[in-house]
Amino acid sequence: MLNTIIIGASGYTGAELAKIVNRHPQLTLCGLYVSATSLDAGKPLSALHGQLRDVVDLPLQPLTDIKTAAANIDIVLLATAHEVSHDIAAEFLNLGCQVFDLSGAFRVKADDFYRQYYNFEHKYDEWLENAVYGLAEWNHDQIRQAQLVAVPGCYPTAAQLALKPLLVAGLLDCDQWPVINAVSGVSGAGRKARMTNSFCEVSLQAYGLFTHRHQPEIAHHLNCDIIFTPHLGNFKRGILATITAKLAIGVTADEVTAAMESAYLNAADQHAVRLLKNKTAKLDDVVGSCFCDIGWQVQGEHIILTAAIDNLLKGASSQAVQCINIRNGFPQLTALV
Amino acid sequence: MLNTIIIGASGYTGAELAKIVNRHPQLTLCGLYVSATSLDAGKPLSALHGQLRDVVDLPLQPLTDIKTAAANIDIVLLATAHEVSHDIAAEFLNLGCQVFDLSGAFRVKADDFYRQYYNFEHKYDEWLENAVYGLAEWNHDQIRQAQLVAVPGCYPTAAQLALKPLLVAGLLDCDQWPVINAVSGVSGAGRKARMTNSFCEVSLQAYGLFTHRHQPEIAHHLNCDIIFTPHLGNFKRGILATITAKLAIGVTADEVTAAMESAYLNAADQHAVRLLKNKTAKLDDVVGSCFCDIGWQVQGEHIILTAAIDNLLKGASSQAVQCINIRNGFPQLTALV
Amino acid sequence: MLNTIIIGASGYTGAELAKIVNRHPQLTLCGLYVSATSLDAGKPLSALHGQLRDVVDLPLQPLTDIKTAAANIDIVLLATAHEVSHDIAAEFLNLGCQVFDLSGAFRVKADDFYRQYYNFEHKYDEWLENAVYGLAEWNHDQIRQAQLVAVPGCYPTAAQLALKPLLVAGLLDCDQWPVINAVSGVSGAGRKARMTNSFCEVSLQAYGLFTHRHQPEIAHHLNCDIIFTPHLGNFKRGILATITAKLAIGVTADEVTAAMESAYLNAADQHAVRLLKNKTAKLDDVVGSCFCDIGWQVQGEHIILTAAIDNLLKGASSQAVQCINIRNGFPQLTALV
Amino acid sequence: MLNTIIIGASGYTGAELAKIVNRHPQLTLCGLYVSATSLDAGKPLSALHGQLRDVVDLPLQPLTDIKTAAANIDIVLLATAHEVSHDIAAEFLNLGCQVFDLSGAFRVKADDFYRQYYNFEHKYDEWLENAVYGLAEWNHDQIRQAQLVAVPGCYPTAAQLALKPLLVAGLLDCDQWPVINAVSGVSGAGRKARMTNSFCEVSLQAYGLFTHRHQPEIAHHLNCDIIFTPHLGNFKRGILATITAKLAIGVTADEVTAAMESAYLNAADQHAVRLLKNKTAKLDDVVGSCFCDIGWQVQGEHIILTAAIDNLLKGASSQAVQCINIRNGFPQLTALV
C-alpha cells in the first residue's frame, strides 16, 4: 500500500482524486490539504462535496509544514494553483515523494513560456527538465521512471490524444494549421463564485480566442501549429473537441485508420482511449468515466476528429491516477473502471 | 405618454422592466438608475444584458439626487433592495410620482413584520398604510386609485392566484394548513456571484424551510395559515407551485370549478391568469410570458393545484407593468403579450 | 462466484445493472437478454449505451427459452415490464434461481391491486405471497431468506425511507395525510421515443395527480394514507421528494431525531441511508450514487422531510444489488460505493 | 392589412410564425393549416404549444384544397417539409399569393442539387429560377420584388451573415476552406418523438460530418468551399457558429472591421445583425430574439468569427417575417423587437 496525500483537495478535481484514491486497492488516502489560509480548513471534505458523505469524510488540513505533511508519504497529488505547485513541488520531491502535479507548472519546457503564459518566472529548471508529461497513453515508458509527472491540461488531453497518431505517422499537412474547437463544462473553471460561472449567465460562448494557455501546450507537445478555440458550455462536466485538419497529399482514409489503430489497439495494458471509426464522440458517453472517445471521418483531403473526455477525470484526476498506476506497476485502469 | 424611470435597473428584473417599458406604447423610458456606488454606473444596460443591445442601450446612471431624477417623471419603478425601496420611495411619492415597488418594503401591514422578517424597522407607516398590494387580478379597483403599489413577491403571486378563489368562496378547510411546494429558477436569487448560484453547485434542493419571508406574505394576504417550502431548481427562469389542500366538508369539484371560473373567466379586461381544469401547469408554457397558468384536480376531500409563472415577469416585472396599466387606464396586458 | 443474468437489459436500469454486476467481486455477468422480438437483439449492450464500451460489451440475446437461459444461473435480475416480470418470474423461480424483480409485479399483496392499478390479473398468488419487498434498510431479515425479491419503485423508495422511521415510532398524526411531492428525472420514464420525453417538450410539470401507481404502493407498505404528487423535472437522473406531515400531539424535534437515528445510525452493516438533520437533501449529492439522503426539520406540529435518490440506482439497480448482497451474505454496499 | 396563412403550423417554427404574425400590426392571421392526414387537425394551435393559450387559439385546419385556402389571402408562409413546399408552392404562387417558404425547396439553383441532397427531382424550374434567397440583410432589393422568397436554413443564416462581408470584400484566402463548427439546440430537429431527441439521449455531439445539406447551401451562396460540422447541443433553442478562416495575404484587422461595418452599420433601415468587434457572440443574448450577433477577432493570418442566432427566429420564423416586411415596405423589424 502506498501512502498518498492530496494538496488542494477542496476543489472539484481534488474531490474526484479523493474518491478515486479512496477506492484504489493499492493506495491509502492519508491526508487532504488546503492552503494554510483557506476558510475550508478543518471541514471534512464531504461538507463541501455532499456526494462524498460516508465515503470520504477526512478533514481538510491546512498545509503549514511540508516536511510534516510528507512524513511516511509515498505519493503526493498536487491539485493546486499553478504558482502553488511551482512553489511546493520541489520540497516534496527532495523528500523523496513521487509527485503528480495537475497544474500547469511543469508541463512545458520552453524558454519564457511561464513568464509569457503563466505570469511567473520558473525557478526550478532542473525539475522542469526532469518532469515527465503525463499523457498516459503516449508517455508510458517515461512515466514509469518519473519522480515528477506533469499531468496534461484538460483541453490538451483531448486534442493530443486525437491528433498525435496522425502527426506521429506524418499524415497531416501542418502548413494548414489544424483547427481545434472545444466546448468545456463549467467545472473546468473551478469551484469559485464568479459572475461568469453564475447559473443564469452561463450559455454557450467561445472565449480566450488565440490566447488560451492550452494553445501553446498543445502546439508544443504536438510540435505543430494549431488554432485552438475553447468554449464554455451549459453543462457541468465534460469536454468535446472537434478538430478539422488537412491530410498530407495522397493520404487515404485507410492510412488514417491504420495510424489510429496502431496507436491505440492491441496495447499490452488496457488504457483509456476508445476508437470510433466513422462515428462521432458523444459527451455523455464519457462523463463520469476515465475514457477518451475518439471518432474520425475522412473526406477528400480533410479529416474531422471528435474527442470527448470528462474534464475532471481523463482531463485531470483519473489521468493522474493512471499515471500513478503506470509509475508503480499497477494495471493502468486500476480503480478507474 | 408617461415618463418612466427604473431604479435598480442592473439586475434581471430591471432588465425585464426596461424591455417592457421600452416597447410600451404609452410609456417613455426616461432613465435607468443604479446606486451611487455601483460599479455598473456609466455602462449601458446592454453591456450587462447582451440581449438588450440595439434594444435598450440607455446608460445606467448613479442615483445621486432624487429630486433631479424625479423631474418631469410620472412613474417610478423600484427594482431595488428592500431597504433601499423603504428609504427612497417616500421622496418620490412626495414629489407626486406614481411608485411601483417590486421589493418587499410595502407589502405587508402587520406589526413587527419588517423587524422580524426583513431585519429593519419600518419608518414610513403612512405610506405602508396607503400602499396597495399589486396582485393585479384581485386588487384592480384599489390599484386604480393608488399612488404606491407594492408588487407581490414571485412565490406569493403564484400561490395566491391559485388559492384565493377557493378561500374567497370559503371552500377550504384551513385548519389543515395548505401545503405549498414551489420550485424557482435561479434568477430568483438575483444577479450576483455566489457559490450557491454557481453553475456546478445548482441542483434541485429545498431551502428556507418554515422561515422564508414569502410564507408570512402569503399567509397574511390569504388570511390563512400555510406551509410554504421553496426549492431552487436547475433552470434559469420560472416558478412552479404545487399546492395541496383539504376542502371544507361537502365541497364538490364543481363548486371548485365555479369558484375558479368566477374569479378569472369573463373579466371585463383581459388579464394574466389562464385556467387548466383537470390539467397541470407546465413551466415552459409561461417562461417568457406574462401569464400565470393554474391547473387543479379534486379527489375526495383533497385538491391539488399547480400554478406556473415566469418569476421575473408575472412574479415581478410584467405584474408591475400590469399594475401601471390598471392604474393609468390602459388595457391590462398592454405591452405584455 | 454467483452466475447472474439480466432480463430486459437494454433500458437505462438494465445498463446500470450490467455495470454494477460487471464490477461486483462475487458476481459473474453471464448474459443479457431482451424480448425475442426486440430490434436490439444481437447488438452489444454498449451499442445502445456508449458509456459501457470496453466495459460491458456483451451482446443482447433474445430471450427465447427460459430453461436455456437459466442453466447454471444463480441470480436473475428482471428489469422487464410489469406484465413480463409477472409472466416469467415463476419459471425462473421454479428452476431454483434467486429472482430480483425491478418491476411492480410482486410488490403489493392486496386484493384487486393489479387489476386496478396495473391493468392485469395476477396469476401467481403464491409467489406474490412469498415475495419479499426489497426495501433494503428495512427488510434485511426477510430478504436474507427470500427467493423472490420485489425491488421497490423509485418514488416509493425515497418516500418510505423518509417516513418509515416516524411511522414505526408512532410520531405522525396520520389523520392528516402526509403530502409527498416528488420530482423525477426523465430517465424514470424509460428509454423510449415519446413526445412527452422529447427534449424540447420536457419542463417541470406535475402528472398523474391522485392516480399514480406508486401512491398505493407507498400507502400499502407504510400503512398510512398519503397524497402523492409526482413531477417530471428537466434533468436526466434523480428524484427529490419533499414530504410535509403533521406530528402526533406533543411530539418533539428530539423524538423525531431519535427515531431517525435509531432507524439508520449504528447499523451492523453499512447501508445506503445518510441523515441530514436540520438540512435538506440535494439532488446532485446522490446522482450516480447508491445513497438516499434524508433531511428533516420540525416546526411546531409540522415536519418537512426531503429525500433524494438516484432513481436508476437506489430507486432501482443499486437497491436490487443491495438486496443480492443481503441475500447472499455479502457486505450490503459491495460494488456500490 | 395583409391576410396571412401558415401552412405546416403545428411545429416549433409554425408556432413562432403564428405568434409573430398575430402581433404584427399590418398582418392578419387568417388560417393555420396542417396536412390533411395530420392527427393534429382540428386542435387549436395552443393545445400543442401551451405558451400560445389565450394568444393564438386558432384551430389547425387540414389543408385539403389550396384554392379555398388561398381565397383572399395575400401572404402564404410555408413551414412545411421540403417535398411538401416543393409540391404546393406553385399553386399558391399561380393564385397570386406572395409565398415565403421556410423549407429548402427553393434555396439553391444548381443542377442535381435536389436529387443529390434532398432525394427528389425538382419539377418547378421556373419558380426555382425566380425564387429570391431571403437572407434579409443581403438581398433586400431582390426581396422587395419577389413573389417567392426562399428563407435560408438556420445554420446557413449564421454562417453567411458572418462570412459574407469578408468574401464580398475579398479578404479571405479561400484556398484554405473556412471551417464552420456550429452547435444547434434540439428544436432544430423539429417537433417529433425520436430516440435521438429523447431527453436522456441528448448530449453534445457532432453529426452529419461532410454530408449535411446546409454545407452545399452555404458554399453555393458564398461561392466558396467550406467545411461545415453541425453539432447537437443540450439546449432547446439557438445556434452558435464558430468560424475559422485564413485571411488573404496582407489583410489587416482594420480592413476586416471596415468590411464588417460597411456591411452592417449605418443601414437605412434597422436590420437584425449586431456587431461585436473583438468579442464573442453568446447564445443566450439571441435566444428569443430576431438578432444575429457576430463577433470576430484577427491574429496574424487567421480570423475567428462567432455568430449566434435563435434557430427558430432569425434561423427561420423571424427572418421570414423580416422578408415579408421588406417585400411589403414595412420597417424591417416590425413585430420582431
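Letters A, B, C and D mark the chains as written, and numbering starts fresh at 1 in each.
The rule we apply is simple: a contact is a pair of C-beta atoms (placed from the backbone, for glycine too) under 8 Å apart; a residue touches a chain by one contact, two chains touch by 3 or more.
Per UniProt, the chains are A, B, C, D = N-acetyl-gamma-glutamyl-phosphate reductase.
Everything numeric here is computed off the predicted structure, so don't read it as measured data.
Student: Mind listing the chains that sit against subunit A and also against subunit B?
Tutor: C, D
Student: With chain centres defined as mean CA positions, report which chain is farthest from subunit B.
Tutor: The chain farthest from subunit B, judged by C-alpha centres, is A.
Student: Between subunit A and subunit C, tell me the centre distance in angstrom, where each centre is the average of that chain's C-alpha atoms.
Tutor: 36
Student: In angstrom, rounded to a whole number, how far apart do the mean CA points of subunit C and subunit D lie?
Tutor: Computed from C-alpha means, the inter-chain centre distance equals 46 Å.
Student: Hey, how far is the Cα centre of subunit B from the one of subunit C, in Å?
Tutor: That pair's centroid distance is 40 Å.
Student: At which residue positions does subunit B touch at least two other chains?
Tutor: Touching at least two other chains: 234, 282, 284-285, 287.
Student: Is the chain-to-chain touch network here best called a line, a ring, a star, complete, or other?
Tutor: Chain contacts: complete, every pair touches.
Student: Inside the complex, what are the residues of subunit C that reach subunit D?
Tutor: Residues in contact with subunit D: 12, 185-187, 191-195, 197-200, 202, 234, 236.
Student: Touching residues of subunit C toward subunit B in the complex: what are they?
Tutor: Touch list, subunit C to subunit B: 176-177, 179, 181, 183, 203-207, 209-210, 227, 229, 231, 233-235, 238, 240, 242, 244, 280-285, 287, 295, 297, 299, 302, 304, 306.
Student: Which of the residues in subunit D come into contact with subunit B in the complex?
Tutor: Contacts found on subunit D: 23, 50-51, 53-55, 270, 274, 282, 284-289, 291, 293, 337.
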